[in-house]
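Each chain carries a letter (A, B, C, D, E and F) given by its place in the written order, and its residues are counted from 1.
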Amino acid sequence: MQTVAVKNIPRADADVVSRLESFGVATVHEAQGRVGLADPYMRPIYAGARIAGSAVTVLAHPGDNWMLHVAVELCQPGDVLVVGVSADDTSGMFGDLLATSVMSRGVKGLVIDAGVRDIRDLTQMGFPVWSRAVSAQGTVKETLGAVNVPIVCAGARVSPGDVVIADDDGVCIVPASTAADVALKAASRTQNEEEKREQFAAGELGLDIYQMRERLAAAGLVYVDSAADLDEY
Amino acid sequence: MQTVAVKNIPRADADVVSRLESFGVATVHEAQGRVGLADPYMRPIYAGARIAGSAVTVLAHPGDNWMLHVAVELCQPGDVLVVGVSADDTSGMFGDLLATSVMSRGVKGLVIDAGVRDIRDLTQMGFPVWSRAVSAQGTVKETLGAVNVPIVCAGARVSPGDVVIADDDGVCIVPASTAADVALKAASRTQNEEEKREQFAAGELGLDIYQMRERLAAAGLVYVDSAADLDEY
Amino acid sequence: MQTVAVKNIPRADADVVSRLESFGVATVHEAQGRVGLADPYMRPIYAGARIAGSAVTVLAHPGDNWMLHVAVELCQPGDVLVVGVSADDTSGMFGDLLATSVMSRGVKGLVIDAGVRDIRDLTQMGFPVWSRAVSAQGTVKETLGAVNVPIVCAGARVSPGDVVIADDDGVCIVPASTAADVALKAASRTQNEEEKREQFAAGELGLDIYQMRERLAAAGLVYVDSAADLDEY
Amino acid sequence: MQTVAVKNIPRADADVVSRLESFGVATVHEAQGRVGLADPYMRPIYAGARIAGSAVTVLAHPGDNWMLHVAVELCQPGDVLVVGVSADDTSGMFGDLLATSVMSRGVKGLVIDAGVRDIRDLTQMGFPVWSRAVSAQGTVKETLGAVNVPIVCAGARVSPGDVVIADDDGVCIVPASTAADVALKAASRTQNEEEKREQFAAGELGLDIYQMRERLAAAGLVYVDSAADLDEY
Amino acid sequence: MQTVAVKNIPRADADVVSRLESFGVATVHEAQGRVGLADPYMRPIYAGARIAGSAVTVLAHPGDNWMLHVAVELCQPGDVLVVGVSADDTSGMFGDLLATSVMSRGVKGLVIDAGVRDIRDLTQMGFPVWSRAVSAQGTVKETLGAVNVPIVCAGARVSPGDVVIADDDGVCIVPASTAADVALKAASRTQNEEEKREQFAAGELGLDIYQMRERLAAAGLVYVDSAADLDEY
Amino acid sequence: MQTVAVKNIPRADADVVSRLESFGVATVHEAQGRVGLADPYMRPIYAGARIAGSAVTVLAHPGDNWMLHVAVELCQPGDVLVVGVSADDTSGMFGDLLATSVMSRGVKGLVIDAGVRDIRDLTQMGFPVWSRAVSAQGTVKETLGAVNVPIVCAGARVSPGDVVIADDDGVCIVPASTAADVALKAASRTQNEEEKREQFAAGELGLDIYQMRERLAAAGLVYVDSAADLDEY
């Protein structure tokens, strides 16, 4: 492993990032073909936040948050700090002091495959975090990892500069190279869903809207009047 | 497996359902002999909701929400949609469009042994969901399951038309055939708890209210003055 | 095992307890050398509570809450009830009646390595609980355990009279014998963090505040300009 | 809940049971449409066993194995004891004494959604067990459950007399009413797999055997020569 | 926390240890009142080993095995090394080199609430380990813990010199002060089980051996002839 | 997402692969700086296997093994099939037929972040598998993923052609570009460990071999004669 910090990374277009933020995780994840989602154990420390930004990535080791301090200096306004760990860990690597530090640099939030602490303070500061755990367990500063290299965070590949979208539904990663295209698809999807929502609200059925009845019958679905008509169960 | 949808199911008396809703999960679960509780990994997407209704059941396969669309058409006002899956799954099978659809039919909520998404929207819509996970992971519509057959949801047996009660404490299933009896027992239990609560609030001890002292002594409980009197530890 | 209840326990100085409460879990845990933290699966039933108090300890068996009733009588104002179980258990051992009972005796909260129920009521009553699970599953009163003996709760050793601190970050145990010393260290730590927070807010970097740059270089950290300079990844 | 023991249950035809045993879990599960599988946390205490038999069902409560003693008397040669618990539990409900008892009655094995102990003895006795956990934790005999009523075991519905098949792949339940039909389908499936196995061994590809190429192309699969031809990743 | 290594510890009588080893975990655990059992996630790296010995305890921090090296020097023939960690950890803290080292000092085995590696080598060396995980993840030597202080390992309290018994059923801790008494009770229990085993093998029922029938009836158990007699289910 | 299959991938030098196989997972993982390890939930279906080979990667969707059939055609002798899934899944995606197919092409083993079935057959065939679960749950062939693109498998990044090493300790991934260098470091490490092993076997202490005593004292480790000298605990 190279113990390295990469100073300059590509960042996605601010407008694309902004649009992806507006669509949210579920829509963006669908728009890019149902890949890039972090594992669902990643939960926000408080409800209601939605952010998107360019990923500054950190590869840390269990129980050691040294690399987070290295990463802070390389953050720019609009970035999201994304931390992967070389082994399962729930230590509380990040608290209110680091939050104060990254907020002063315009970082929008943190996604960390480990623990976080001082969550009452972070909530009051309005600094959103998605984490695997809440834990007060402190960490050391002894082992080098890397900053701004490709990492895995909660099962998702993240390269520096990828767009991170996070909200109450979880965390999704969009490669910088496809972000603009995904934003277009997400916009189209959103518009389509708008129309569908009105139909559903009016009482129309998905069976009809999506013309599923014929395909269901072809697949072998049988309707019976009541349980008395069942052969088994 | 019969890939089947049962159109008509028995439903519990509306008044019985209403009373079970008023008692809540913990009381109803006790009243029916401590069975019928879904596993505690089933959590509400927002705090404070309490519902009861007749179960419309769905047997789905992992990563596939096709049968939910079939189920919608068979729902009536006051029903609760209950989804079991043939294998462990956390996919986001249900989101704001399906919620819009079932709300338009008067469905009171969803209990799903899989994932749910768009939870900010669902919260704003006031549509309560109890689920195993929150996940944006999308699903396909490829494999038939069944609607309104007996299922297992989070370890609990659910037959179509059973009464589902769900609140901040979890989810409890009451067979339709015993619902009225359980409601009576729950009412009695609630009244008894009312009296007990006053005694406890007045400082009386459970030891005295439940006359436990003699039984504790018979079982061998020994009181000592201080740790110095202990033989071990 | 002695099936015993110890009537009198040492309790920490009220002022020390009060100061530990004001510092919170993360700071206290650091101040005593990063030990004594309960496992992070222990979560509060509602956000925002912070308590500290002397531990009245209960050793219970799975699915059996008999000893909790014995413990109530031995509680004093300012105590925190701490329950360990002899095997993994998520049963709902504690609900609104027991909460009414212990509140009438001035108990500040509950820490239980099992389940809790009636959490909506407990929330409305303002009685904070940290638990492993929320579950309506009822319990029996059949098997003796012990009260006010040393226990393990969620991986943490707790002796009767130890100071329990609990907030949104979790639960931390401070031995009574070191509580005053830990409070001093926590105060010093808090003051130091105050100063650091201002520096961070002003944009200073941890790299400089903690003088990490030289040590990072000595450990072998290399800065490169861009991904093009990486040998691997 | 009725605290009841049902003395007589229907049992599947011995020849059907024997054939289902010969096919094994994976084949039987496929043959009945991919339902009826217990959760994969159910693991055998030793490798290599394969059994099938009629289910004698037990509904127990956490930490309480009283009903297992009731069930023994109702077992016949060729039966499999299947235990569900009303809440999550890993207690060691079953050990070498109970195994001696049920073996003396011709019971073929145990499937238990809880813990088991004395596994070295059980292994030496050749008594196969599929369980959620191995645990020495003892249990009490205090609370009534039921014997030979429908239960849930590790997520699978089991009615008394259903055929239980268990091997290194896990545990599958076949309703007695469909067992003969499932055995026929499994036989057909096994024969078909025999032929396929020879084709695969000879180097033929599933792509060709199952004629997947056209369908893959229609679905949009693109072949490229090398990574240089990829747009993303 | 005191960062300390205690050189001399009390050790249980060799004969008592030897007898406890012969009884095994399940019997010893019962004999001491169903306490002292480590969580069932602790599993042996190979089947068939059974050991007992005096505990040399280690308090380590996540991802750091420094204290294990300190502990080796303090081990004597017949000891068992027991490692607790200040936070959840699956790192591979122990491998074949440390095993070679402790084996040269007569240590009988390792119980570690973290990961272990080189398990094929350890198996060939005949060095038994009970661990939470198998993991190759390496560890650092940076942070002081303690040796021979009271710890928690997998939910069990362990004091230096306590007797550790471990076999295929798990790990049990017996306080040194009660070890002789527990050995007596275990012997009595074993003899009693011997007699029971013969009765069970001869086809006698637990219902009769333990005279349960009257108590079951009193508790409300009802026998019915067949499912047709059930009111519910 | 590109639904694509890449036909040609770089493969590591056969001699390098062979040497990495001989060193095993723990040594290789250390030699490359403690990165690249799959999560420890990945376990072999039988003990004693050790393989290394070039990764043919598969990105599959939950409950769908279609892409595995596409991958078979692209395998060469000495390859290892590595499967990542776009969401948590334990379905049994791979069984004896697919094993027969890939064995006929010289594939050395399978690493799959999902379930596997027919494990008795696979064991008898001598085809090693490392998986997240054993499950008979069948899968469909409906949704396209990709073959030979970079994936995440059990938390580890895997690019096509990376060297996969797997044994009883788990699974480790070495990028093709650094494989030769890692093999050199692993050889050096192995030689060093050989020498250390002799020293340890001769009773020398790690404290002396690694000259830790001074550093421990500097860090603050205090030796005391007995527990009587402790201030706390």
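Keep this in mind: contacts are C-beta pairs under 8 Å (C-beta built on N, C-alpha and C of every residue); 3 or more make two chains touch, one makes a residue touch a chain.
Keep in mind that this is a model prediction, so the values were computed, not measured.
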item: Most distant chain from chain A, judged by the mean position of its C-alpha atoms; value: E
item: Self-contact between copies chain D and chain F, residue sets same or different by half; value: different
item: Centroid comparison with chain D (C-alpha atoms), farthest chain; value: C
item: Separation of chain E from chain F, taking each centre as the mean of its C-alpha atoms, in whole Å; value: 29
item: Geometric centre distance via CA averages, chain D-chain A, whole Å; value: 37
item: Residues of chain C engaged with two or more neighbouring chains; value: 1, 3, 34, 37, 40, 61, 86-88, 90, 135, 137, 150, 231-233
item: Residue numbers on chain A that touch chain C, as the complex places them; value: 1-9, 46, 66, 69-70, 72-73, 90, 92, 95-98, 100-101, 103-105, 115, 117-120, 123, 133-138, 141, 144, 148-150, 160
item: Chain A-touching residues of chain E, taken from the complex the two chains share; value: 61-64, 86-91, 135, 137, 140, 142-143
item: Touching residues on chain C, where the partner in the complex is chain E; value: 1, 3, 32-35, 37, 39-40, 59, 61, 86-88, 150-152, 155-157
item: Residue ranges of chain C touching chain A (in the complex, touch as defined); value: 24-26, 29-30, 34, 37, 40, 43, 47-48, 50, 167-170, 172, 193, 196-197, 200-203, 205-207, 210, 212, 216, 219-227, 229-233
